[in-house]
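The structures considered in this document are given below.
You will see chain A twice below: alongside chain B first, and alongside chain C after that.
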Partner chain A sequence: MPNQNGSVYGLTILSPILDDEKASPSHDLQIRLYLSTLPTGANSPFAKSPGTHLCRLVVMDDVVYVGAPSIEEHLQSKYLVFECNLDATGEEGLEAYLRGLAEHMPDHLDAIWSHCVGYPGAADVQAFIRYMKACQVETTFFFAAVNNKSVTESLRALQTQRAVADFIASSQGMEASRLQAKFVEFAAKLKAEPLPKPGSMGPKRDIKLGGRNE
Partner chain B sequence: MSKLNETDIQGFVLRGYNLLFARYFFLHFEEPARARRLIEQLLPSITTGQRWDSGKPQSTVNIGFTHRGLSAFELPPATMISFPVEFQQGMRARASILGDTGRNAPEHWEHIWRGDRVHAWLGVNGITPAALDARSAALRNLIDETRGAVVLDSQDAAGQIVDGRPTAKEHFGYTDGFGNPDYLGVERSTQPGQGKLMPDGSWAPLATGELLLGYADEAGELPVAPIPHILASNGTFMAYRKLHQNLATFRNYLEEKSRLYGGGKEKLAAKFIGRWRDGTPLELSPDAENPDIVKDPDRSTNFTYGADAEGTRCPIGAHTRRVHPRDAFGFNGKLIDRRRITRRGLPYGSFAGEDEQVSDSDDRGVVFMALNASLSRQFEFVQQQWIEYGNDAHQGNDKDMLMGNHGGSGKFVVQGDRSANNPPFICAHLPNFVELRGGDYFFLPSITALEMIAMKLVDPR
Partner chain C sequence: MSNINGKVYAMNAITPMKPWKSWVLRVIFFALGEFPALQQDLINLSFIEFARWVSVPRRKFPYLAHGQAKEDLRYDYLLFFSNFNGTWNQYIDAFSAVLASGLNLIWRWSEKFPGSMPVTLFKEYIARVQFDTDYYYTAYPHATANDLKSAHVVQASFESLSAQAGNYTPEEFAEAFLGFVLQVQAHLGETGEAPVVF
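== the complex of A and B ==
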């Protein structure tokens, strides 16, 4: 099944954007404006909803004509594109994920998707799930940042890697019995550590992101 | 493809001169007509890429301009706005993209690089200090006579001489200068490992357009270049970076960590960069230096990382493996062919023997100059993604051990195996071994383009 890669699901949703020439600013610009204010990283509403590995929202205006020999073509509508890697297996898993979105970030969903044709609102969860699935297109190939590991497993792995590296750095060369005692203590402490928040393990870089090189 | 017209290309672009004494003048042009006259009179002195059949010259001269510098010649606006954006902006404006922040941020740069007055880099190399001085004096006279420019500053650099013989050592003690790529059409004594990796495991020259404007690059496209074509063709871009080396910090760190490392101090130093300090690649000789390999052009750069995916010979985050990953990212090395740069450069400041007292405040480092057709696609990518980040190398957020802007919190993992003299090891709390003191982006035009600039003939129509 192309939407599925191990336990990770690649979701692609194309929602037609309302075409209302009386709307000012236009619906697509209202979506763009709202998206530009959404936080990223650990504060993203998608990070706060369970099961999101990564996601991206794009407003697609039209097919851009790039000159001969290509053919000039146009979309019938503007679309909101939602691409997401999430933890789910099969249709039931997808529905559970969408239900999670509706429960954790209904206001954001409504602010974004209310500019799309036929959007029923997130309050009616069943209608919301039906709508999103009606807009779904098959994901034939997707970027697998993580293969077959859940968000929780990935976060735990990153936390462990970081902690173990720090432990080694501070205890290299230690006498064996002391090292063992220290390791037992370290392992117990690590096990008791709460899971880091999704989106919180990225690089702490004072570097400009999103440039041509990213 | 046909042979390049080497007499139209600045020699500095095509080959490392191996003339160990250098002085880089930084010029400011005050008046367009006088500046043009200076270039016109300088032209016969500019060293081209023509082969030195009758032996090395006593000295060489080359020139490059910042975007502001080109404006000073009154080039047409349509030409000026056609340069790639990163070149128009200059290196200081790119600081956040390059990770030149914290101690490397522009506010800590030398005075000359904090302002906007640098218009040109005039690079002089000499075979001896006397030859360098003589040529420098002649150039100074020319500048004074024409009143074509103001010399804002100059930077001396020189290779280390040991027992009367030149070395390629830099201040940390590593032998430098192995990895420059080969390009199609550039006559040079080539050696395997310096071009691009082919599916059959052999090495071939990179497309000319990875170095020179006006030729097809590795994507079969022409690099982004200013108009008219004749202004750009046979020219290239240069990133000039003055990199201060904190030698005391480096030596203390290596000394302190090697006490805990089972492989010993020299092996740990080799793990940092992927070569022993004499230049032997760890990949070919993981346990000891081997001068026979260093001297053998068929072997000194001829290796891949495919059989060392775990990094037990050469650590995955070692400097040379990061900046020239060869096949390390898979796909037969295809992912890196558009990210190669040609490095020129020399150390500056006095060399200190291992037993000499040193201080971080001693004025020493390396003048790093990278040549490439696209600053953003090549130099800036390498700096941002491979030096200041570790994702491509599967090293997470780790930065390059030696070059990274760590600010005291960096980490470097030395992968190892079960043997006592090659254990895994972690270097943490990395300080900044290298600090940026300034620099800028320069355009090094062809000889034809220099003539057109001097004659006010640049016409984008």
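== the complex of A and C ==
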């Protein structure tokens, strides 16, 4: 199934945007205005909804005319494109993810998708899932650099990588029994540490100066 | 507009294809999916986190009634979405240099595709068919695709050592720790704020 690559699912949704001459500003502009105010870091609604690696929302105004001798044509609707790389296996996994979105960010979903044709609202979760699947287009080819790790596992690994680098730097030349005791203590402490928040830049680190270009 | 979040760039592109050509492309993608060895060049471009091609037939754009006008198109459309590290220019240059034949195989079915070499015409074409991202989220904006791969190597080695650490004598542990350092030393690159890119 081309939507799937390992344990990662490539969701592509094209939701037709309402075309109402009386709407001012137009519905596509209202979507863009709302998206421009939505946080993209640790406070992003997608950070609160589990399982999102990367996602984007794009208003697709029209198809592109690439020049003669091709034919110039235009879409009847503008589309809201939702491209999402998420932890899920198969259709059940996708439905669980969509249910998670409806539960964790219903207000944002309504604010964005209420400008789209036929959107039923996130309050009726089953209707919401049906709607999203009706707007889904199948991914033809999906590539994932890391296709067997969840968001949680990746955040944990990045946290470990950073901590291990610091530990190695601080333990150089240490006597064997002390090194062992320190490592056991370090490993226990690291395992107990809370996971970094999805979407965050991680702990602030000092900028290292003195590079070749400075 | 926000094509960039931390160390990742979101690219969107759409190109028209004659309907019979889109079937040829489907066969090519099917072969790519069935024979992962053919994806090696894509894997070698280690700055791509996720990428996808979506071929939308002219009559398969989502139609939900409720007064929505039906699409009346002559072309099928190929959508391309990529999440990559680095700048637009670096990405297109590397794509053209490393994947020229692969890209030609995928996009030669699109109207007016000039070929991925020479790169100047290729860039002009991509710039024409690209459209900007309105909202972009990543769970790990401070990390690149290579950082992620390395972090998982470190995590696996770390788990293996920490599971045994208490059972070793100090001398055995020192040796195991040295082996661990040798295993992970090439995978400890620093993550953090992204550089300013243009």
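FYI, the second predicted complex is superposed on the first by the 196 of 214 C-alpha atoms of A that agree within 3 Å, B and C clash if a C-alpha of one lies under 4 Å from a C-alpha of the other, contacts with A are read in each partner's own complex, and residues count from 1 in each chain.
The rule is simple: a residue touches a chain if its C-beta (ideal position, glycine included) is under 8 Å from a C-beta of that chain, and two chains touch if they have at least 3 such contacts.
Everything numeric in this text was worked out from a predicted model, so none of it was measured.
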item: First (chain B), second (chain C), both or neither touched by A:A165; value: both
item: Partner chain(s) touched by A:L29 [first = chain B, second = chain C, both, neither]; value: neither
item: Most chain A residues touched (candidates chain B, chain C); value: C
item: Partner chain in contact with A:G173 - chain B first, chain C second, else both or neither; value: first
item: Touching partner for A:A111 - first (chain B), second (chain C), both, neither; value: neither
item: Shared contact residues on chain A - chain B and chain C; value: 161, 165, 168, 202, 205
item: For the chain A and chain B complex, residues of the former touching the latter; value: 161, 165-166, 168-170, 172-173, 202-208, 211-213
item: Of chain C, residues touching chain A in the complex; value: 2, 5-6, 8, 10, 12, 14-16, 25-26, 29, 32-33, 39, 42-43, 46, 48-56, 60-75, 77, 79, 81, 83, 110-112, 125, 128-129, 131-143, 145, 147-152, 154-155, 158, 161-162, 165-166, 168, 170-171, 173-174, 177, 181, 184-185, 187-188, 190-193
item: List of chain B residues in touch with chain A within their complex; value: 96-97, 99, 101-102, 259-260, 376-377, 380-381, 384-385, 388-389, 396-397, 411, 413, 424-429
item: Contact set on chain A toward chain C in their complex; value: 2, 8, 10, 12, 14-16, 19, 31-32, 35-36, 38, 40-41, 44, 46-47, 52-61, 63-64, 66-67, 70-71, 73, 75-77, 79, 81, 83, 85, 117-118, 134-146, 149, 151, 153-158, 160-162, 164-165, 168, 176-177, 179-180, 183-184, 187, 191, 198-202, 205
